[in-house]
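The first chain written gets the first letter, and so on, giving A, B, C, D and E; residue counts start at 1 in each chain.
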Amino acid sequence: MTTTTDPHQASFRLSMLLYDSRYRSMTIQIIALIGFLTLLGWLFSNTANNLADLGKEPSFRFLSEPAGYDINQRLLEYTNRDTHMRAALMGLLNTLLVAALGCVTATILGVIIGVLRLSPNWIVSRLSAVYVEAFRNVPVLLWIVFTMAILIETLPAPKAFRGETPEATMKLFDSVAFTNRGTYIPEPLFSNTLGNLHFFGESSLRFDVSLDLILLAVLFFGGIFASIKIKRRADRIQEQTGDRPTTWYWSLGVIFVPTLIVMVALGFHLGYPELKGFNFKGGIYMRNSLIALWLALSLYTAAFIAEIVRAGILAISKGQTEAAGALGLRPNRTMNLVVLPQALRVIIPPLISNYLNLTKNSSLAIAVGYMDITGTLGGITMNQTGRELETVLLLMLVYLAISLTISAVMNWYNESVKLKER
Amino acid sequence: MSSITLDHHADRSKMQVSEEVAIEINGMNKWYGAFHVLRDINLTVNQGERIVIAGPSGSGKSTLIRCINRLEEHQEGQIIVDGTELTSDLKNVDKVRSEVGMVFQHFNLFPHLTILENCTLAPIWVRKTPKKEAEERAMHFLEKVKIPEQAHKYPGMLSGGQQQRVAIARSLCMMPRIMLFDEPTSALDPEMIKEVLETMVSLAEEGMTMLCVTHEMGFAKEVANRVIFMDAGQIVEQNEPEEFFNNPQSERTKLFLSQIL
Amino acid sequence: MSDMSYVRSEMLPERAPPASSVGVIGWMRANLFSSVLNSILSIVSLVLVVWLLSAFLSWALSPTWSGTSVNNCRELSGGGHVACWGVIRERWVQLLFGFYPPEEYWRPMLAFALLFVAVTPVLFSMISRRMNWVMLCVVLGVTALYLGGLAGSIAGLALLALGAAIAYKALSTDKDARAAEIAEGAKRLPNPLIFTAIFPFLTPWLLWGGSLWLPIAAALGFVLAFYAYRYLAAVLGSLSGLILSVIVALVWWLFMAVPFGNAIGGIIPLDLVQVASRDFGGFMLSLTIGVVAIGCSLPIGIVLALGRQSDLFIVKTLCVGFIEFIRGVPLITLLFVASTLLNIFLPPGTNFDIILRVLIMVTLFASAYMAEVIRGGLAALPRGQYEAADALGLDYWKAQRLIIMPQALKISIPGIVSTFIGVFKDTTLVSIIGLLDPLGLSNSIRADANWIGLIWELYGFIALLFFVFCFSMSRYSMYLERRLRTDHR
Amino acid sequence: AATLDDVKARGKLNCGVATGVPGFAAPDANGRWEGFDVAVCRAVAAAVLGDSDAVEFVPTTGKTRFTALASGEVDMLARNTTWTLSRDVDLKFTFVGVNYYDGQGFLVNKDLGVSSAKELDGATVCIQTGTTTELNLADFFRTNNMSYEPVPIETQAEALQQFNAGACDSYTTDASGLAAARSTFEDPSSAIIMPEIISKEPLGPLVRHGDNEWGDVVRWTLNALVTAEEFGVTSTNVAELSAAAGDNPEINRLLGTEGSLGEMLGLDADWARRAIASVGNYGEVFATNIGEDTPIGLARGLNAQWRDGGLIYSPPFR
Amino acid sequence: MSSITLDHHADRSKMQVSEEVAIEINGMNKWYGAFHVLRDINLTVNQGERIVIAGPSGSGKSTLIRCINRLEEHQEGQIIVDGTELTSDLKNVDKVRSEVGMVFQHFNLFPHLTILENCTLAPIWVRKTPKKEAEERAMHFLEKVKIPEQAHKYPGMLSGGQQQRVAIARSLCMMPRIMLFDEPTSALDPEMIKEVLETMVSLAEEGMTMLCVTHEMGFAKEVANRVIFMDAGQIVEQNEPEEFFNNPQSERTKLFLSQIL
């Protein structure tokens, strides 16, 4: 039927903007857009006026000026002559560092606590419940300052290591020093080092990568790749004969033997921390601010993750375990083959949003003086340059970029594991 | 309760009972906390027997059947399955479980695995069957339950009746000597009940030892060689189906039958 | 084969289970020592608990409640590593109320009690209407008595009597009798939600003081808008009616409300002593920020959630953009905006005080989360509800107001409570921008020469406050979730 | 004179102070703010409004203080803020004077065995962020070719916690702060302040650019306190001295018994008397809040009157 | 499918069809995306007619009925209800909706309102009836559907049949001139189906114009004056019930009837 014509085309009336479903949505959207643009314009003009009054013109030039302050915990080399930009970069790396460390430990801890909470052991499950409630119901900021205070108050100062009969000694065969300034662990050193690769010249983004470490990483990941091959082969053998060959020593071998050989060839040795002057020298040094933040964020987030894990496992009905048991599968196999693959689908989305929260909470680093991006760009740089608008804007963009990346990963995962339904 | 009529009559002549004892239960007692759920159960099942267990809700039918492959632990008495006594020794439990298949009311298929993977999982990981062989066997049993074409779908995509048939095939893939059914049809629509019962009949015709909790009395008459009536955790009456239905002895049995038939 | 037939002649009685599976021993065996691993775990945990408890108790049980300074505490306890509780004794009021004038403490306390009364009909559906009114009468009555004076005493006694009367009536008529009364045309008590609606206007007056006429004028804006809508919608249709009534309300608030309030206030003054925001501090500040943010974020969250659900592309994009932006940045950056930038964004000369600015930003923050919670509630409603509303001829807004929102909000309550807990905990962040919430105050207290160096006592006290509050709320929200699951129709 | 009128109309002075520095600004158990900086606020309130309690104290951090002032949230800032060119010119504030001449120093534990800041190579140094201190510190160590490890900290309380626990070898901030901090130690003699003062830190109250009348009020209130000390006017004798004109014309002009200085400022004749009566003269303020008899125990040092060899000097009242 | 026998026979004499046109559908087409769900529908319904629409699942019955009160939009052709054409003009839509009542398969009562509130909501807010009057009218219709005593309960406390009757009463409270039913009984147990059908019969007796998608052929025979058979989005056959059931013309209709009767 193409004969019907639209009788309303000819006579457009103004009221149709509101009472005709074809135009109405357009009208509303245009009103919304105008409203939004007006708001935006209003904010912009206010900002422009206010800044003009203050005599500040928005500009990002300060980023290339020398920062003038020092950063104690950093992943790349940096001096107070470097630019604000590089200081911000150090901060960003620190943020990512503590977020990554936190996510890993929070996950491990959270899974353990979550599983313990389901334990048939009364006291263990009760203790885990106490843990979860204690951490979930007290602000994370409080936990951060609390942890910091514990580290400062309970660990020995470096000077306690001094003297004939020191009050404190290094732990683990004199290789690790826990002090109330931070923890020193041995660092890997190479006597026949291959040198460093240098990127980005003298710019603010410059960084060095040790060729030794690259080589070792390549070997290590190559080993992992080989061990995957070995596992595949074991799978094939199992498919063919039903018996699964024991391969763990092969896997370990290909991962570690080449790496170890090259390490020896490069003259690998550990550099131990030593008490020199006011502080320990040498070794890898993790400041207490980092450790406190890392610990507190992990402990706090772990409480949430534990609940997620528990809910995830509980969501897999008892019937699934029983069915697996009735088929003769041992509990650990049941866990690996039946419960975990299903529970993970339930667990991972909220898990990732907790990673996101942890990353955002890492901005509280400022409370313990850990120089993350909020501490550098949003802290000292903002203070010293007085560029509140620019720094806060940059700060938000950085966090937004991190968040969006993480949620993109999450969406991709959710899509890929959707259960197939009728 | 319901009484679905099966399309073809079961061939009783094929169902032979041997002298060999498959399951022996002696003076078994079980408690849930302080609640005495199974009381002094004595039961001997021979190889090839098809036993239907009936009884009012809460009488302990499921619990009894679940004790036989130790999904529940009993506290007193003996359960000997195929010569292996069920104790807290995990090896015995493993042995028994690999010889006893179980089908649940709610199918309990693994939703993250395809039908074929559901069927090959246990043979591969428990029996250490080569994958190829396991798959062939799985296809064989899927054909038997008449759904080979669904092998690569996921359980969520199948109807209830199809899912229950997959569950049966999955158990069969472990080549059990004994099959336990716990109300396999009570979550299904009448149409589907028929499909599943027919599958079970054909299983009985092949001489499988079966213990089946069900209220499908048509099935019991057709297939069972013994009907056990439980009430309040005890075996109150057992008899051949003919006798059981036409001439119940105990008052409780009579009451129960009057209600469900 | 009649050899297999068997009939039980007599039924077996119930028997007690073997001793090893019941009683203390059975319980311990089942719950603590069911396997080797479990036994080890049990023992390790026990040792851990005992060790932690003994360490904690030996620190916490110290006779220093009366201490007046750190040194005084040391003398009282005879040295050693023990708590100095004197600081809590001296400062707990400050940690609770900040710098709020002590003679006005009854106001925040009344506000808090009223908050409880206002949310009960929403949160605890099993409490009857009458009980709600009884609670209100009791709270107001006790306050009036506390304030004293002749008028106060009379009003207090009257209110208490009224409460008692309602309670007596409630207890003496059972359900059926009540139903019969209603059928006969006896008036029911007004819905306690009326008080919930009044509460948001009453509280600011209680907390900040000033003239009662200003909140009344603000509330009048809503009343005006409502009547304008009623009248205009009939004449012009609902959408133009809605737009115009919003404009009416805005005009009232922007140009007329304040002069009106001042004018009437000049004639009939109903003033409380003004308290500046910066005198808010401690736990009361956290609570104020939390409650205001959640309260204000609710309507914004609803609008955002509806926008996000709508099929109008631009509206949807704007809402999604806002929500994702807010959820993507840490609260602390928003607080930086509040403390350093917000005044730059507003017209030259505007000057909100810092607490107001923080309130604005925390509200925006909470509304993004609120929007997601409410979206979940909306998504849980079956499509049929929308269709039935359409089929009955209800327009979009009426359908939302009468059908969709009441249900969606109910489903969302557990989520809203969780969001509140989150926001409430996050209020500690304001200490970073120099507000004196409990954590910020603890720093100031430690700057007092008497209490320098004290950490655990203060942190512990603050943590305890937060814990008690958040824990009970989270329990409540869990209970709600369970109930929603079971009494789901 | 917009601000002055605002303050008068409001009946309250909004004064930005630190969130907690012993002796300089901290709330007591009743929530009453006390301290050396706080006294300046009170003096101005007394001068302008006639009531030294008509002050709203706005606690600010290093980060928020300038915004608070620039946005008009506070009328003046009386908080350990160093007068620097860029703050004056670029951030557009007017420093109305110096109420405390300070300089950045180092506090170390005695048993560290260090007698000079030059020996601090490799040390861990706690600093309070948000001030000029971290820049000074970086400059000092760089020019002396030494390395150090900074530990940035938000509040003094936390800095002291770390210092006392030995988590940093040295605590650096303005020497006044150091002395104040040291005074609170269980055993104050266990820590020593290094002789090096690595910066000039003239601390003083400041107001916004562009409102010179208001700036004058604050400036001359401060000067009034200084002048009062110079001429021996104290809170105890000020009532007597202002009852009638005395022999000293400077005192007379100060206390309004002669001339019309108050009027020029837009205040009444009594303004300085009220300021002095409420908080005392500069010396009294110093003595009651941070002087040698207080737990803080600071010597006058640079902050002595110019006649006594210090830098405290008020332009003449005339 | 099922065929519930009603207790009392409908009184056809009361059901008078007037000449006035209630609904007119001309060459209406509708697509879901690219899927052509309704094809060239032409239908005229007079005031007082009772029309039953039948057809296999997915044939577009629901869609057709939902187009009539614009729960769905059609893309081509005309739908004129009571003289008002359904176009994108929202005022027309409002007008039509207030004259057309609709009853859904899943009742869609508002669970947060009492039965009485469910019934008075639309009259009060859409028709602007005074509350008192609305309540009186609601009680009147609740009496008609025989559940006045439930007025102060919540929908969740009622059985399915009662809920569906409330849904009917709720529609009636808007005093519609036309009622649409979309499988009003298919979510109900047989017992309850009867209650609902009886309510519908008495409605028909009062001369209400009704369009009813249903598979209750007993109802169709009893009440309908026309049965419309749809398949693949088209009206394949329409006739009086007698003729339709005893003497179907098209092959598809025959096939369909053989399946459901």
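Remarks
Simple rule for what comes next: a residue touches a chain if its C-beta (ideal position, glycine included) is under 8 Å from a C-beta of that chain, and two chains touch if they have at least 3 such contacts.
Keep in mind it's a predicted model, so treat the numbers as computed, not measured.
Identification of common neighbours of chain A and chain B yields C. Closest chain to the protein centre (all Cα atoms averaged), using per-chain Cα means: C.
Distances between chain centres, each the mean of the C-alpha atoms, put E farthest from chain A.
Greatest centre-to-centre distance from chain D is found for B, with centres as Cα means. Rounded to whole angstrom, the centroid-to-centroid distance between chain D and chain E, based on C-alpha atoms, equals 84 Å. Inter-chain centre distance (chain A to chain C, centres taken as mean C-alpha positions): 32 Å.
For the pair chain C and chain E, the distance between mean C-alpha positions equals 46 Å.
For chain C, residues touching at least two other chains, in rising order: 237, 340, 343-344, 432, 455. Across the assembly, chain E contributes residues 91 that each touch 2 or more other chains.
Each of residues 19, 24, 54, 145, 149, 153, 366-367, 382, 388 in chain A touches at least two other chains.
Contacting chain pairs in the structure are A-B, A-C, A-D, A-E, B-C, C-D, C-E. The residues of chain E lying in touch with chain C in their complex are 69, 71, 91, 94, 97-98, 100-102, 104, 106-112, 121-122, 125-126, 128, 152, 155-156, 170-171, 174. Note for the complex: chain A touches chain B at residues 238-244, 317, 319-320, 322-330, 333, 337-338, 341-342, 345, 419-422. Residues 179, 234, 237, 382, 384-385, 387-388, 390-395, 398, 402-403, 406-407, 410, 487, 489 of chain C are the ones touching chain E in the complex. Of all residues in chain C, those touching chain A in their complex are 30-32, 34, 38, 41-42, 45-46, 48-49, 237, 239-240, 311-315, 318, 324-325, 327-333, 336-337, 340-341, 343-348, 421, 425-429, 431-432, 439, 455-456, 459, 462-463, 466-467, 469-471, 474. Interface residues of chain C facing chain D in the complex, by the touch rule stated above, are 70-71, 90-91, 94, 98-99, 102, 276, 278-279, 339-340, 343-344, 349, 351, 353-354, 432-436, 440, 443-449, 452-453, 455.
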